[in-house]
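I have placed the structure first, in the form of structure tokens, so that the comments after it can refer back to it.
Per-chain numbering from 1; labels A, B, C, D, E and F assigned in written order.
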Amino acid sequence: MTTRKDSRGLDELRTITITPNWQEAGEGSCLVEFGRTRVLCTASFTEGVPRWKMGSGTGWVTAEYAMLPRATDSRSPRESVKGKIGGRTHEISRLIGRSLRAVVDLSLLGENSIVLDCDVLQADGGTRTASITGAYVALALAVEWALTNGILTTSPLTDSVAAVSVGIVDGVPMLDLPYEEDVRAETDMNVVITGSGSFVEIQGTAEDGTFNRDELNAMLDLALAGTAELTERQREALA
Amino acid sequence: MTTRKDSRGLDELRTITITPNWQEAGEGSCLVEFGRTRVLCTASFTEGVPRWKMGSGTGWVTAEYAMLPRATDSRSPRESVKGKIGGRTHEISRLIGRSLRAVVDLSLLGENSIVLDCDVLQADGGTRTASITGAYVALALAVEWALTNGILTTSPLTDSVAAVSVGIVDGVPMLDLPYEEDVRAETDMNVVITGSGSFVEIQGTAEDGTFNRDELNAMLDLALAGTAELTERQREALA
Amino acid sequence: MTTRKDSRGLDELRTITITPNWQEAGEGSCLVEFGRTRVLCTASFTEGVPRWKMGSGTGWVTAEYAMLPRATDSRSPRESVKGKIGGRTHEISRLIGRSLRAVVDLSLLGENSIVLDCDVLQADGGTRTASITGAYVALALAVEWALTNGILTTSPLTDSVAAVSVGIVDGVPMLDLPYEEDVRAETDMNVVITGSGSFVEIQGTAEDGTFNRDELNAMLDLALAGTAELTERQREALA
Amino acid sequence: MTTRKDSRGLDELRTITITPNWQEAGEGSCLVEFGRTRVLCTASFTEGVPRWKMGSGTGWVTAEYAMLPRATDSRSPRESVKGKIGGRTHEISRLIGRSLRAVVDLSLLGENSIVLDCDVLQADGGTRTASITGAYVALALAVEWALTNGILTTSPLTDSVAAVSVGIVDGVPMLDLPYEEDVRAETDMNVVITGSGSFVEIQGTAEDGTFNRDELNAMLDLALAGTAELTERQREALA
Amino acid sequence: MTTRKDSRGLDELRTITITPNWQEAGEGSCLVEFGRTRVLCTASFTEGVPRWKMGSGTGWVTAEYAMLPRATDSRSPRESVKGKIGGRTHEISRLIGRSLRAVVDLSLLGENSIVLDCDVLQADGGTRTASITGAYVALALAVEWALTNGILTTSPLTDSVAAVSVGIVDGVPMLDLPYEEDVRAETDMNVVITGSGSFVEIQGTAEDGTFNRDELNAMLDLALAGTAELTERQREALA
Amino acid sequence: MTTRKDSRGLDELRTITITPNWQEAGEGSCLVEFGRTRVLCTASFTEGVPRWKMGSGTGWVTAEYAMLPRATDSRSPRESVKGKIGGRTHEISRLIGRSLRAVVDLSLLGENSIVLDCDVLQADGGTRTASITGAYVALALAVEWALTNGILTTSPLTDSVAAVSVGIVDGVPMLDLPYEEDVRAETDMNVVITGSGSFVEIQGTAEDGTFNRDELNAMLDLALAGTAELTERQREALA
């Protein structure tokens, strides 16, 4: 039987902690932790939309992901100092934005924007999935704030959304990979799933070799179970 | 029965043309066309590897994707003029690089690098999948060049690789979407598959709503058949 | 008698090919070839003018020149990746823009803009002169499009314009230098001339030593004859 | 008698909390809080020095300050997205670096570098003084780590260092200004003082009007008392 | 007794020269010289204010400091070529702007802006203090120009402002440090003082070790006397 | 008869002043004035060559041109603030460098570099020609310095070089255009000529309409006479 370093079962999530309103600023925020991965998610609700949406009567939800320079074992140079944003940062920011928009009815948002900042304070694998999971909580709190303050009259949220990583490590499919497993994985997949169990995004990459359809199905099963549990944790945090 | 604007079948590719050695410069090149989408793929074989690989004894394969400003219906500003590369460009460049590395044994490449430039001359949907498909041909020609010139003694290619888009448009799964279908698609998926039929990368995104497991399976079936045909076209071009 | 590597006469152009409408996007386009030099020229006609021209009632014509990374024998890094445009690129873009504006009555253009994108797919000397020659064809096609579509009522074109390089190689003046001659040239001159034979721009540079007035006159004679021939090719392409 | 909004005395600090080792990564770290201002300070100890110090046999200590986009009441664009670092960020990073170097004997550090990252998670005035105060703790922990691991044999620390803001608000000198007082201050002064009570840096600015010598002296008295207390809190955190 | 290399007394300024209207362009300008330090200060008076001040009815005064690449003993790369402005440049530009605003009643300026460009042609220590001193003269000339031309009806200047450096070199406090003393100084302080003798800004930094209160007081005494003399020179230049 | 605003003859230069060694820093420098156009030219002689010339045994001469923000009637934003160098700046820098290299035997320079900084303090037309003319003087002084200090044993200068603008204004060819004539010119030409009267560079542009061969010849005659006089002034300055 495969044993994981942290003695978790193959289908078990790491310890998940979601602390809502960790930040005072922001219309909604939470500190989300997937094991040692720790992301501060803050929602900024602002009137108005980007130029290309003006006059549309509908709103916009977007996200910016970033990592503190020493979130990781060795220090990375700041993207602000390098003067440009790397491909990985762009990719993840876009993924978070798309994932959240999948559960927002932008027409109910009016010409308002919500920006989700996901700043990784500590990174141990799964920063993008933790970001999506936490960003949803920050978003829901910001929507609540807007409803309470009469800025919105109907919630534009159509569902909740959460994400988890799955992968094949040493030939074995497993759930929620920490960094140590992630670097060893033959295949790595991030799956974004709504509270009602539909797919929003599947990003599977063979890092070493390729993967077949059975492996794909095993990973999807793990992801569906994992996000169901994350959905539960989101509900508790928002209760 | 669903009819597509160009009267193709749901499981039919657009007209695929691969013109090898379209470019004189480059150790390998081709002009690949998926219908009206037209990408110039050029492989540059150079001695040496990026700094972080020096001394490893193994090589590197990477890609850069770009689009001419008027490849599309309306002109986009050049990324060189804007002074930075957008997130989409980064994302696709990285995807192409990963896809090709999946079929290269870097240790057989020695400390050499191959850069694949994929420049979209005309865009009508599927530019990233055409790029991967064409880049493989340019890569294979560059490897051939290196073998012929005694720079490599064994081919580092372990398989071929091709990619195709699939999607759900008006509720119907279909293969190889042109721009007109792509913007209407509820779900859009790019699938990268080896010549022997294994998955290298799956990127599925619900652009509008979500998708379920049956829809996922239908799309994967289309992608497997489509890439099998693309593999055939690559073989012909390289013959 | 001096023989050129490609056995052309001293006053002979390379094979000139102009393929109009090579590109579907763009209000006008052509693929222009001066021997192995191959440039894709595309005209984008858009309503409106840059901020500094607003309210002037007159239009604007500008150009952007760029080279694919592997248009040349060895790969150059992309300017978009470097995050800035080099001096040479700037210089040539400005030259093309000025050359075209010399044959456009901007007041007849109304507050419309035409951007000429000249992307060098393959480079073998004379990329800037091929760009000007091809850009004129793309421009003329875009003007035709605007007339046909009732956007313009009178053609703003006052003449045609073409350009050619001349130089002194091994002491001998010659026309239309490929790369191999260009690097050996003592003097290199690019001359932009209208269809009616007037000068628009002369840029002569002593690359090695200096040049005297007789040499200058010999080069100008070659350029006048060469551009007269290019004017003919433009007419054929537009017929 | 002047009463402050938070009912503190004029010479009283806000609630100061220093949580050492808040971050797992980093050779030393702390979360420092001055009231609602919250800064994550992390020290990265690395072998080697910047190029201009190579071969000097001495080390280097530097700092990078940054603020999360929604640390404040309204969201600021990220400097990484803007592609450049603002003047204020530069200024504060340099101040923190200089302040720490004042208590480090760089020759005892060998050719090693310590980078202090000060990331403001929540901002309510005094972010630069909190950063210096917290960065010292992170630095001291990193030095301890290096001593424990035999990388250093003698501590290069010659003293401790802390900083506090003072200002004149409504004509009254007061200590440790939160944002609400800071914006109203006629004069704002940041003072960096060693554990033994000597000045490292004085930066006093008349934001509205000017200030005289008596006012200067009153502010310096407050700063000396305030930093003495901060020194005590640093000692407790490091105990 | 301490002797300075240039045989000045400890409390003596270098030769100060202020040449008003050195530049023809600009609504006011001067070339200011502190010994061999030579700064060209030019005031540009323009209608309108930055976006964030629009509609406020008040004006804005700002400054940009820069150094020619070979103002110093060895050539520094241009910030325009590097593509970004360094921290030191930012810091000094901000300091100059703040110093001038301290003597301008922005509400009397109307919605107009004055930009002070301080370009260091030759640098020998004290470039920021020379810049402030010269910028005030350029500013006063620009205000005079605006009054003469009926653009302003009341002078917005509430006082004059000048700046000087002081420092402790080899344990001895001294005034107006040239580069040679500046690099050796244990403490370096820049003091900005109004014509009526009030402080606008104090920036004191222990470059090597720390400084105590007596040393601080000695430096402030020198600065007050030095700026009083600079105020006199400004009056003469403006007479 | 045509009269020029400043009552000069058509073939007359403006008042030319060359002040050698205006700058203390720099191995050679001069302040060159063509009427009100004023450029500070400074030569920096440094050991070593750019990477691409290493090991060649030959040297390099290059130039950087820039304009102070308020050299002109209205203030332009700094290129350092914009974060990039404009096309015009690039173009002129390259022209100056080429012009100087035409009179330098790089093999006699050894692996040394000379950078010519041409900073326009005041601009009234002809800044690029004044820059070339002044840069030659700074270069000659730097070569003298290197000979005096035993860094060079033979002068690498093979000739002198100067430049002047000529143009056709209101149909009349004239020499050395100030800004007022330059903007009105139908044709504008910059000519770089050696002390012995050979051409180094000709850049002629029809700004409005085109020009014919007679006009070209008239302009060249003026330029040859004008640069002959400038050569004389250079000799006097270097005497």
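Going forward, contacts are C-beta pairs under 8 Å (C-beta built on N, C-alpha and C of every residue); 3 or more make two chains touch, one makes a residue touch a chain.
To keep track of the chains, here are their UniProt names: A, B, C, D, E, F = Ribonuclease PH.
What you are looking at is a predicted structure, and each value in this text was computed from that prediction instead of being measured.
Engineer: Under the touch criterion given at the top, what is the topological distance in steps from subunit A to subunit D?
Structural biologist: 1
Engineer: Select the chain at the greatest separation from subunit C, using centres from the mean of Cα atoms.
Structural biologist: Checked the centroid distances; the maximum from subunit C is D.
Engineer: When the C-alpha atoms of subunit A and subunit F are each averaged to a single point, how far apart are the two points in Å?
Structural biologist: Distance between chain centres, rounded to whole Å: 59 Å.
Engineer: Can you check how far apart subunit C and subunit F are, centre to centre, with Cα atoms defining each centre and the answer in Å?
Structural biologist: Centres of subunit C and subunit F (C-alpha means) sit 27 Å apart.
Engineer: For subunit D and subunit F, let me know how many angstrom lie between their CA-based centres, rounded off.
Structural biologist: Roughly 50 Å, centre to centre.
Engineer: For subunit C, what residues touch not just one other chain but two or more?
Structural biologist: In subunit C, the residues touching two or more other chains are 83-85.
Engineer: Just say which it is for the chain contacts: an open line, a closed ring, a star, complete, or other.
Structural biologist: Graph shape here is a ring: one loop, exactly two partners per chain.
Engineer: From the touch relation defined up front, give the order of chains around the ring, starting at subunit B and going on to subunit C.
Structural biologist: B, C, F, E, D, A
Engineer: In the complex, go through subunit D and note every residue touching subunit E.
Structural biologist: Residues 84-88, 90-91, 93-94, 98, 102, 189, 194, 198-206, 209-213, 216, 220.
Engineer: Along subunit F, where are the residues that touch subunit E in the complex?
Structural biologist: Those residues of subunit F that touch subunit E are 23-26, 29, 36, 40, 42, 44, 46, 64, 66, 68-75, 78-85, 89, 115, 117, 119, 121-123.
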